[in-house]
Amino acid sequence: MGAPIEVSSGEQRAAPEAVLAGAAGRIEGRSLGQIAWMRLKRDKVAMAAGIMILVLIALALLAPVITRALGTSPNDFNSNLIDPVLSKPKGSFGGISLEHPLGIEPINGRDVLARVLYGARISLLIAFLATLLSVTLGVLLGVFAGYKGGWGDTVISRTMDVFLAFPLLLFAIALAGVIPSEAFGLSGNGLRIAVLVFIIGFFSWPYMGRIIRGQTLSLREREFIDAARSMGARTPHVLFRELLPNLVAPILVYSTLLIPTNILFEAALSFLGVGINPPTPSWGGMLNQAIDFYRVDPMFMIIPGAAIFLTVMAFNLLGDGLRDALDPRAR
Amino acid sequence: GNDSGSGGGSGSSGGGGSAEYNAASEGIVNKSDATGGTLKYVLSDAPDSMDPGDTYYAFNWNFTRLYARPLLTFKPAPGKAGLELSPDLAESLGEVSADGLTWTYKLKQGITYDDGTPVTSKDVKYAIARSNYTAELVNGPKYFAQYLDAGNYAGPYKDKNLDDFTGIQTPDDSTIVFKLKAPFSEFDFLVANPQSAPVPQAKDKGLQYQAAVASTGPYKMESHEVGKSLVLVKNDKWDPKTDENRKQLVDRIEVQFKVDANDIDQRLMNGQADVDLGGTGVQAQARATLLQDPNQKKNVDNPQTGFLRYAMLSTQVPPFDNADCRKAVLYAADHEAIQAAYGGSAGGDIATTALPPSVVGYEKADEYGFLQDKNGNPDKAKQALQACGKPGGFSTKIAVRGDRPKEVAAAEALQQSLSKVGIKTSIQQYPSGDWSAQFAGNPQFVHANGLGIQIAGWGADWPSGFGFLSQLVDGRAIKANGGNYNQMELNDPEVNALLDKGIQTKDETERNATWTQVDQKVMASGALLPFVYEKTILYRPENLTNVFVNPSYGMYDYSQLGTTKK
Amino acid sequence: MAAFIVRRLLAAVILLVVVSMMTFAIFFLVPRLAGMNSDQLALRYVGRGATAESIEATKERLHLDDPLPVQYGRFVQGIVVGDEFNYGPEVVKCPPPCFGYSFRNSQPVTALLIDRIPVTASLAFGAAILWLIGGVSVGVLSALRRGSVFDRAAMSTALAGVSLPIYFTGLLSLALFAYHWKLWPNGVNYVPFTTNPLDWAYNLILPWVTLAFLYAALYARLTRASMLETMNEDYIRTARAKGLRERTVVVRHGMRASLTPILTIFGLDVGLLLGGAVLTESTFSLPGLGQLVVDAVFGNDLPIVLGVVMVASVFVILANLIVDVLYATLDPRVRL
Amino acid sequence: MNRPVEEWASLVPMEDDAPTAFLDVRDLRIHFPTDDGLVKSVDGLSFTLERGRTLGIVGESGSGKSVTSLGILGLHKGQHARISGQVWLDGEELVGASPEHVRRLRGKKMAMIFQDPLSAMHPFYKVGDQIVEAYRVHNEVSKKQARKHAIDMLGRVGIPQPSERVDDYPHQFSGGMRQRAMIAMALSCDPELLIADEPTTALDVTVQAQILDLVRELQSEFNSAVMVITHDLGVVAELADDILVMYAGKAVEQGSARELFTAAEHPYTWGLLSSMPRLDRDRQDRLVPIAGSPPSLINVPEGCAFHPRCRFCELSAPRSLTEVPVMTETSPGHRVACHLEPAERRRLWAEEVQPLL
Amino acid sequence: MTISDVSPRPADAGAPRPPLLEVTGLTKHFPITRGVLRRQIGAVKAVDGIDFTVAAGETLGLVGESGCGKTTTGRMLTRLEEPTGGRIVFDGRDITHLSVARMRPLRRDVQMVFQDPYSSLNPRHTVGTIVGAPYRLQSVKTEHGTKRAVQDLLERVGLSPEHYNRYPHEFSGGQRQRIGIARALALRPKLIVADEPVSALDVSIQAQVINLLEDLQDEFGLTYVVIAHDLSVVRHISDRVAVMYLGHIVEIGPRQAVYEKPQHPYTSALLSAVPVPDVTRRDNRERIRLQGDPPSPIDPPPACPFHTRCWKAQEVCRTVTPPLVEFAPGQRAACHFPENAPDGPYEPGTDSIVAPAS
């Protein structure tokens, strides 16, 4: 009896509020990305790490400018500052002085600061490019394996097992050893960088692949995938429009965490002597040189070591922060 | 009084020079006949083989004498005398026929193996056959195969009948006759190689022979774990009367392989080890410690090793096909910076010739004034550039063995000095394993990749001009497929002719003068840029006795060492 | 279970074949692709006194002229039924599993492997015990005292730990502990356990600690995350609701569940390390599989490389299998 | 029937008053500070419960039902929860008591059945062992005895072949059996207070009916006090003697079950009653939903928390927008927190709401 | 007094119309593999030969206990799952095994509403993208552009057009379900399969969504297959009801008949198990209490699947599969001993649980 109560007017009165989904207060079309960014901004440690990374990148990019301003260069010898008999820098602490704030290299007296700065270029460049490669491979193959399942999944998963079962470093050494000096239209350091990027990226994609595959497996069970399929979406649409945006968070987080791993990988290769061509400096290469002097000139080991440490740490901190910020469960 | 010092260790070191910086380079330190004790050798690597017939390391040619006696050996003496040959298994130096094609040696009587079997000339013949004519023993040099007139001998492993080996004849058990294809005046040096140490055919196990070598020397193998360790003990069948070249002082010799180089230094200084078998000297870390501390410095020797460190300028790679362009590099090179790369003044003396001083035939010369202009002579370099038609400089590549830090550092130093005169270089690293086979030693590769400058080093197989230079500068020996050491591809008919002439010259003085000429010719070509005459920093533990550097090996003479430690 | 193991073993065999083929391809094929012919390959192994004849002979002896599949077939055959090797005057049998003979010094690879495995195993197991105890206990404590000073300090240290290259920490500790304070005045020198257990341990302490530090840092982070997650589970609430003591809740309920996945990662890590802790071994010059294989790689000693890679893969695969079986016994929900 | 409005607070005995009820919750507040703000999950909740009686707590998702029950058991400790107020259980105050003391009471004096029996049981331990564990913390008995007890309990809750199933793992049980096992575990120490948090939500109707029967039987057998938390009015109607309706962390109406179903006075309760289709009535043509969505517990609407969704909000404006209504007794044992005049409420119920049910 | 159906429903119009959807013998078996070679050793018989039809404009409710195959049926109807056997004829076309490409155009006509409002919307897409997706995927041009069409739809389901640029996480469960419904409506489908559209929602919100679904049906003349386990919801929304048990339809018929005069004992048991929010009748209800849980679909009981829990079961139930027989107009049940059949054995008392019609 009586007319049914008018529904719609009453319903619009209540403001649509997400129960604890985002922050309190006004929520004006804010994407999850913006929410994550807000959370990240509150994470002081992660922000500091992020700023440090930016500074580092700036330093690397501006290395020529900075060294010119300081009147040094990464390849200029300062033989006069080297003890001719002992081959180590004169003075204490690796020859630290006003002109050479981080000291000089044994044997030839090159400026360590300039070399560390130039080394950052190589380390970061290789790490970034290698990460890009492994992320691309890992995401493509991981998504494919996770979504398609069946034989494709089996083959890709087993391939990942094979890669993970490999003593990677060996292959890296072996491959780096057989690089011709010219190939693919590249030569010299360009080619070496390309090869190092390939080796590092190609061997670290399974880490990304596994994570993405796992995420895809669980996303595949989500109903919005079925929804897209039930509307007639083709596989590429499902993969790239529906799945991929949801993988951005893990991709971002694990890329950030992969970069430091790759920095260490590159350094390890250089450390083992299969890195970039001299005299181009790289951190691992500097450490490699430092082995011969670490007891008589410890500064020369500590400085590139510290550079690696700080950079890797900054990326790890940022990655941790990103993970917290992007974690849907985190509050 | 009795209260001073601990024990009378120093008392037993009767006679001989006392410990002083570089004392063992020129004289004998701690001369002593005291016996007993154990000597501990350590090596940072594993040797190619401990088989006297299958090794190409100077330290092993030195060391294997403890259990293998070749026909001749170098005199156990410091200084120039050490470069001379002394009869060992043979009664005297070789007798050469008039045509220079036959060399005859007589074996001493009464020499036996450690099991008491007498040594015969057949065993020497067999030893040379196995080391030079088999596919299995590949490590050692193949000079006998190169110079003996043996036809198509298949080697003892394929052809069990030793009589088919006609290059060597054994008319009786104590006579051995070598038949040559062409006269070879320095043949005595060839038989001073441990390859001429006898091997009983029955005991030969090929590649496994190194595990239990039949000993003729003062020591024999007690145990040998290949690649790990070796223990030698006294061989009571060794008769000192037949052997004026060796001593049998210590009771036991232990060798440990694959010890980290820095740890070796540490052990030497701590008294945990006595000799670095490799004889390549201490690492940078220890060097600084040793040279800074006067107490330690007196236990340091700084001998030349007989090695020349150099860069070769590839005469087939433009613009180095032009001699003036090569000379521009020679003039521009900063020798002091390069010397620093090799360890500074203690790592080597600046080199000015192709032959190192420890080699007969060396004559002092400095055509390019390396010693006056230690940091290079840019003016002359620019003149040379002008002359070669590249006044603004040019660019080229420096090839270097990536796993040799000193050579990489030298490449960097060279690169720096060249850049000052407008010669731009990029450094290419290659693994040393394939260096000569695939990269720098492979002309096709060198040409294709434009490797204008290659950095390497060389030591003589025997201390003569020929022993040093024949592999390096003989243009006729260049192999198209790789494996070359004449990486500058110098093929100067005059040089080739001088080499031929010299080796056929019987008169020693005349011969040695030929080597000097070769040296001058090579230097004049501008294709060889000598860096340093390498020196090592050897640590000489105080307990070692009879220590001196044998210049033939560039390290302590291992046949003489004793110890005061019991 | 049995079917599972059989299936996994079958898969393992396939995996090993793939791994060996890849290794083969990298070491045998890539040089050829890079333009090396068999003469040049042979030149690697003939030493300085190479002559045309010795190159020819070496090619023949090392079968460098055979097509790759034939070479691969010989390799597999060696593992399965054994091989024979020409030492010169005589031919010796190499019983299966025969990984061939070093191209460099003609030592049987199998013997070399057997010789090196104890070193690597000593290093790996010792470090593993240390890091498992250290990392897990720090991780658990951190999780339980989330946000406390201890947690912050531990996690900062752990972060530092994962950010430091092992060769850097290794060299630093060598410089400080071994040489500066002279705790190991002669450096680190491996002594077999059978020779002298005390020396064995004394010499391995530094590598153990260095390696364990890296992994402990990693495990502390993993454990903490896993523990935090577990302690939020409903069944932990149930355990508390039963009135269990907090200790029981943490240990019996929390740790049991959170450490099970850690244990599986642990198995895999140990498996990987057993195949050669390349950087640690080279930093401390320990004569383990890692050193062996690095030397072999630099020396182009392919049989050794292949041998170590195979052994390493077997370790990883075995570790995988053990971990899976273990997981199934620890977690009753997993059916094999 | 216009009784003077009395403040609910004055009805609550003061602290020094000895609590007479078996369970007496007074002004319980449980707040969680989060990055996004303070979550006031429970905000001034008071109620009592006697032995042998069943209290049903209803309310929609997020209204604080579970937080309340966990708060009574003292399970928020160490979770950064801010808890105030008092919980008296059998004459003992629990909020201020030592955690160790509360722990001893848990499982023995008060026990809980959780909503999702799969995630609430440890996946790695056998069902029997989990019951044994619960029994042995509070009873000094041998393992064997405890096991026998566990088998007994499993039999009591209707698990077939208990002596065999005792060695199964939770995942080997079906949903209904798991919930039975949970109940067996909760009852293993004869608790005097049993809290069942949505004990049947995860179950099918046929199994739900079995479980409800079981709870009823066990309660009459043990004479324990039972708190049933649910959002299904049907379940409450089956089990509860008294009903507490929660909205946004507060109680909005409380009374006997009969009263609430026949004479509800809070618009939110009306909404609940009228929005669900009922099998026991003729099929309505249209359902009458509650408009809008549940509120955020961080930004609880000012005034009456329900006002943005209340159909009758205008009738008591502007008070409902500014002033938080207090729980007031409208008839003996029946309290409501609403700004509408009691007479108005009864009129609306009779004219607008009841006919639609 | 009773409120009977006010608006005349097509189902009540009496005259049988051509079915929009016709399902015969529909079967889905999920293989179970085991052993070294992963041989198939059995199958989960999720759906085991079901037949039903849905007329245009009517609502078919599908009820049953968890795991009885409701969702699988729904997914087969929308061809998200490939049927193992049987036939699905939609609008006169056999769509049982249509290829993905051939199916695509047909998808306009069959849409789905999902159970979980939290997982059925892509959290990375805006509402506009989500609701506009069908247009884009099917390349449908709308008169005033997609945005306008989407905003109209949003308005129609009770959301504001301003919500166009917002993300799902900003909405409550009920609002999300509206978004899902708007998406399903976009292409004006003929058939909507709704899998538990309200079971994840709060009691207070359920009714909003149910009302909306009903309104839309009237407005657009939609046909629904509504899957639910809540019997009261199904009764409210459906014209006809099908009761499933262990992959079989055990009873199907007009709503009133099924609820008031159930033929299958399982239906009776289900109905009697529903807790009724009426304290007054708490103690004087007669209940049928089923024992135990449904058997596993891997190894279903032979013949009548319900015989293991049926209090009426006799030998024949264990040996002969009861066919789906029409006991009353439109009401069919698969039972040897139906409850309310005029000629079947009659057990008094069990029907008293249902309120008598007026």
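The first chain written gets the first letter, and so on, giving A, B, C, D and E; residue counts start at 1 in each chain.
One rule holds for everything that comes next: contacts are C-beta pairs under 8 Å (C-beta built on N, C-alpha and C of every residue); 3 or more make two chains touch, one makes a residue touch a chain.
These figures come from a predicted structure and were not determined experimentally.
Novice: Select, from D-E and A-C, the pair of chains that is joined by more C-beta pairs in contact.
Specialist: Higher C-beta contact count between the two pairs: D-E.
Novice: Taking each chain's centre as the mean of its C-alpha atoms, which one ends up farthest from the centre of chain D?
Specialist: B
Novice: Express in whole angstrom the distance between the two chain centres, defined as the mean CA positions of chain B and chain E.
Specialist: About 92 Å separates the centre of chain B from that of chain E.
Novice: What whole-Å value do you get for the distance between chain A and chain C if each is reduced to the mean of its CA atoms?
Specialist: 25
Novice: Let me have the rounded angstrom distance from the C-alpha centre of chain A over to the C-alpha centre of chain B, please.
Specialist: Between these chains, centre-to-centre, one finds 49 Å.
Novice: What are the residue numbers in chain C that touch two or more other chains?
Specialist: Within chain C, the residues that touch at least two other chains are 31, 35, 179, 298.
Novice: Which parts of chain A, given as residue numbers and ranges, touch two or more other chains?
Specialist: 1, 7, 11, 16-19, 22, 177, 294-295, in rising order.
Novice: Provide the list of chain B residues touching at least two other chains, using ranges where the numbers run on.
Specialist: Residues 403, 431, 433 of chain B touch two or more partner chains.
Novice: Going by the contact rule at the top, pick out the chain C residues touching chain D in the complex.
Specialist: 233-235, 237-246, 248, 252-253, 256-257, 260, 330-333
Novice: Per the contact definition, I'd like the list of chain D residues that touch chain C in the complex.
Specialist: Contact set of chain D toward chain C: 70, 73, 75, 103-108, 111-112, 114, 116, 119-124, 133-134, 137-138, 169, 171, 182, 185.
Novice: Which part of chain D faces chain E closely enough to touch in the complex?
Specialist: Interface residues on the chain D side: 60-61, 160, 174-177, 204-210, 212-213, 231-238, 257-258, 261-262, 271-291, 293-294.
Novice: Flag every residue of chain B that touches chain A in the complex, lowest number first.
Specialist: 283-285, 287-289, 291-292, 334, 336-337, 340-341, 343-347, 397, 400, 402-403, 405, 408-409, 411-413, 415-416, 426-429, 431, 433, 449
Novice: Can you list the chain A residues touching chain E in their complex?
Specialist: 1, 7-8, 11-12, 16-19, 21-22, 27, 29-32, 222-224, 226-233, 237, 242, 245-246, 248
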